[in-house]
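Okay, so chain A shows up in both of these, paired with chain B first and chain C after.
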Partner chain A sequence: MTSSILDQVRSIASDLFGVPVDRIVAESSPEMIEAWDSTQHLNFVLALEEKFGLQLSPEEMEQMRNVGEAARLVETKLQKASR
Partner chain B sequence: MPIVIQPYREEHQPAVQEFNRRLQSGGAELDLIFFRFAQPRWLPPAEGAKLYQRYFVALENGVVRGGYALKQQDFFFADGITRTVAYYHHPLSEGIVNKSYAAVGSMLLKDAMNRSPLLYCLGMGGYDRPLPKMLARLGWAHFLVPFYFHVARPNRFFKEMQALHTSPSRRLLLNLAAFTGTGWAGVKTIQGLRKLRAPKLTPFTVEKIEDFSDWVDPLWEQAKNHYAMTAVRDCQTLRTLYPASDTHFTRLRVRRSGRDIGWAVVGERRKDEKYGAMRVGSIVDCWASPDDALPVMQAASAALVDNGVDLIVSNQSHRLWARALEHAGFLHSPSNFIFAAGKKLSALLQPFAETQSRIHFTRADGDGLPRNF
Partner chain C sequence: MISEPSGLDLRSEADRLISAGSEELASLRLAELWRNEASASAAAFLVSRYEQLRGKLPLVCYRLAILRSFTVEPVLPLLRADAFVHGIDLTVQLGDFNAYAQEILDPDSSLYRFAPDAVILAARTADLAPDLWHEYPDLALEAVPAVVRRVSNSFRQWVRAFRERSSAALVVHSLELPARPGMGLLDAQENKGQSAAIQQINQELRQIASEHCGVYALDYDGLVARYGRLHWHDERKWLIARMPIAADHLVYLAREWLRFLVPLAGKTAKVLVTDLDNTLWGGVIGEDGMTGIKLGPEYPGAAYQNLQRAMLDLARRGILLAICSKNNLEDAMEALENHPGMLLTPKHFAAVRIDWNDKAQNLREIAAELNVGMEALAFLDDNPVERQQVRSALPEVTIVDLPEDPQAYAAAVRDCPVFERLSLSSEDSQRTTLYAVRRKRSQTEQAFQSKEDFFRYLEQEAEVLPVSPATLARVAQLTQKTNQFNLTTQRHTEQQIADMAARPGWQVLSIKVRDRFGDHGLVGVAITRDQAETCEIETFLLSCRVIGRTVETALLSHVAQGAVARGRQRLAGRFSPTRKNAPARDFYARHGFQLLEENRDGSVWTLDLRHHTIATPAWIRLKTAEGEHN
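On to the complex of A and B.
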């Protein structure tokens, strides 16, 4: 995974969940961040869609169990889109 | 096992019944039941139809964990473009009774957003309910669609209106108001004062019609530009919503000087315990240029009174339709009927705070026809 995508995803998560970006790591998950509930998870997905210009399915949304997985999914989708 | 969301098919019906059973045994409210049949009874999809409903279910290895409905309909916007917009309704998630499925509600909404980017919700029972709370947190634009009522028979109203009977002493007072006629006098005075403020109207005629026909199309074309957003109300749409076979609706054609100025659809609501034994009429739908709203509201109200209802209710979002109700003697009451627009839809309605009073929404734009208007 490129660090640039992970960093951008961390930055989005930081803004959305109100947690300093240096405390958001790839393993950060709803279990570790109090503000990350199911509604905020949808907000997170919508923010990723807007930032990276892609559309995520509900099934992909469910797969994003932490920040790293979200970044990996975004990267995969961007690679597929560029092919 | 991952959850997948699919169109609801007949083969899912037993799993939906099981889902409903789990919700009920888990303590969910009695009305939280997903549709028993995969094919919508009201507005089923049909070849070439622009107004139809579809149901979807969230499946986990064949087990239903949630579901929702979408009503697709064409809407006309102030920029002169007609767009297909979907009404998201009846979302139900296993998360209501089992926290491990808390994410299903968000997944359902995301699925609906992917299928129909222009999305709205209507009704929802008030801001204390989970769905409007969620929509507000997602940044949806929203407002309460004003609720109006007109008491046709004050004595019945005071005796039967369960929401007013909150304590034994209030019940006694209200029964006294009903029995002595003071309630009757009070309501008639207040409603009468409202009518006094109404502008003087040029005489108009009202005709009860069996079915809508071509005359409604010019009316639709003439008036649509007065609205910031309105569901298309042409002849084809009206015949779909209010087919001639549906005899519990009364359709009214309103004319002035031989020219059509509007129409209304009224009907008697099914019994609801909050209204006791009262017969409650509803102004289900209406159309005219907003300047001609008052004669249409007067016609609708008079038709329901003629039908013998005790109370008339109506929700109107457009400020001039709301004002027309006031001039027709209606009283305003707190509403729990919320309109919420998804971000892509609300982007078409900016500035929303200004535009919202020019959006035309009535009970007909909800999910309740034909039984629950």
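On to the complex of A and C.
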């Protein structure tokens, strides 16, 4: 995974969940971040869609159990779109 | 000089400035971040940081309730961030899904307990009129008018009920048309189709809005169409989260809401100050000359004509135009007066500064000449360096952000919410002419020996009348926009003015003024309330157009005469100082009032009407509902 996408996803998570970006890692998950509730999960999904110009399905939304998985998902979708 | 700091840099710089206590600078950085990146994530950041700056920035607090039939939660951070950047601290309350009818009809609902300043009613066509949406093909043709009536009547009933229970502004979404009508092409072939039925409801909604003060239709269908019907929606999000709008379009709904909230919260600009070279025309007049500049109906000059057309439209809304440009005066005037492609001419500009001085200084002079505060100015310039300098020197001035491509200039001006108006008075549409007349008058004023000579020469006629349905909008507008000669700076909506005028013991008076140079229209308001033997002045204000010409004395004399006629023995009034209203500070002292008390919040004054009278100045002919004086 390129670091730039993970970094961009980390920075979005930092903005949305109000946690400094250096404290957000690939493993950061709703269990570790207090503000990451179901409403914020929707906001997180929407922010990723907006930022990377893609749409995530309900199944994909459920797959995103931490920041790293979200970044991987975005990267896969971007690669598919560019083919 | 203008480097492009990254979003992360701007974030950390804003945080550094916040901890250093430089609130104004931090706010500039946050606004810059928002200009570069109006995203959900930047919005979340802005909201959390502006919340820390509350109380340290001059923000207007505004309460908004949203009644809705779909998920709008993700729009709120975008809306609040955009509002903060426009100087508005928005508190938002959301209604429950599809509970809007109960909330409006029940006087004890959480909607009214919230005491909103404004309410948005956002319901989808599919929720309000399911029979005109999915079920349309099943509907018998004869049944369509009944559905149109049912939905229009619901709107009418809600608006009436709302108006009885609240004086807040109400913004109602119009109904969206289907992207793919049930009957396909047939839908466009006759006047009774699905789209036609929905459009008829929208037309009714406009009618209902026009019949009530402070009720406005939001052209939701127009909004969706502007950004592309098929791109606007995300059906999957609707199904899993009741969120019908695609992630990258949420910001457009936020912006549309803000177009209403900016004028409602009084954060409008009164003057658009424009640069010339590469803004009003392409190229540099001093170098390219009359034949070299780009300005005309074809590419590439059409972009600049389109911008001029947008500015003419603003003038029709009552926004004054002014020029602030670094140029040789003769070169620039030659183009302004004689270039065949110019749609704007010198007479459209209320103030002109064409020289080599610093633009911030020129903007200060323009504000002084037009008698407006700096926050009333908006500045238009193609040069990002000039924009940045003005932004740092004069943070109150709205900077219109011009994109790089001149083809997009006109849209940038039209999209700027500070130029939105929610109602127009006849003064608004004539303002450009009024100011042209005023420029002539101040040239005359300098030729007189004494002020009295000048006043006599003016031949002022004033007319004092109680507020009427025809003048309600203008009276409310004056209470919302007058900053300088305003003793209490109480802001009122049209509905609040109408309520006060209807209350026993209250008087809402307006004054119109004309003089030998022209008609100024309605320029002053006095609102009083009789309490036992005292007539209390709640509001007393005068448009900056007529400050310093004793019009206030004429209005006060009428207020005093009315109080005596109603058997009152005293006039009482309050002066509440603001950053702007120094011109009104000595008003009561000048008219013989006695100071009763004074503290940080202001001063209280009284005048014994049994021993004092206030005469209308000899040089003003005062007409009233009761007849003519002087």
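Please note the rule applied: the second predicted complex is superposed on the first by the 83 of 83 C-alpha atoms of A that agree within 3 Å, B and C clash if a C-alpha of one lies under 4 Å from a C-alpha of the other, contacts with A are read in each partner's own complex, and residues count from 1 in each chain.
The rule is simple: a contact is a pair of C-beta atoms (placed from the backbone, for glycine too) under 8 Å apart; a residue touches a chain by one contact, two chains touch by 3 or more.
These figures come from a predicted structure and were not determined experimentally.
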Overlay on chain A: chain C relative to chain B, clash or fit: clash
Partner chain in contact with A:Ala81 - chain B first, chain C second, else both or neither: neither
Touching partner for A:Asp15 - first (chain B), second (chain C), both, neither: second
Which superposed partner A:Glu59 touches (first chain B, second chain C, both, neither): first
Partner chain in contact with A:Lys51 - chain B first, chain C second, else both or neither: second
Touched partner set for A:Asn43, first chain B, second chain C, both or neither: both
25-33, 61-69, 79-87 or 97-105: stretch of chain B that collides with chain C: 79-87
Interface residues of chain A shared between complexes with chain B and chain C: 39, 42-43, 45-46, 55, 57-58, 61
Chain A residues touching chain C - in the complex, by the definition given at the top: 11-12, 15-16, 18, 21, 39, 42-43, 45-47, 49-51, 53, 55, 57-58, 61
Chain B partner contacts - residues on chain A that touch it in the complex: 37-43, 45-46, 55-59, 61-63
Residues on chain B engaged by chain A in the complex (per definition of touch): 2-5, 58, 95, 102-103, 105-111, 114, 134, 137-139
Chain A-touching residues of chain C, taken from the complex the two chains share: 7-8, 39-42, 44-45, 48, 71, 73-74, 77, 234, 236-237, 239-241, 243, 246-248, 250
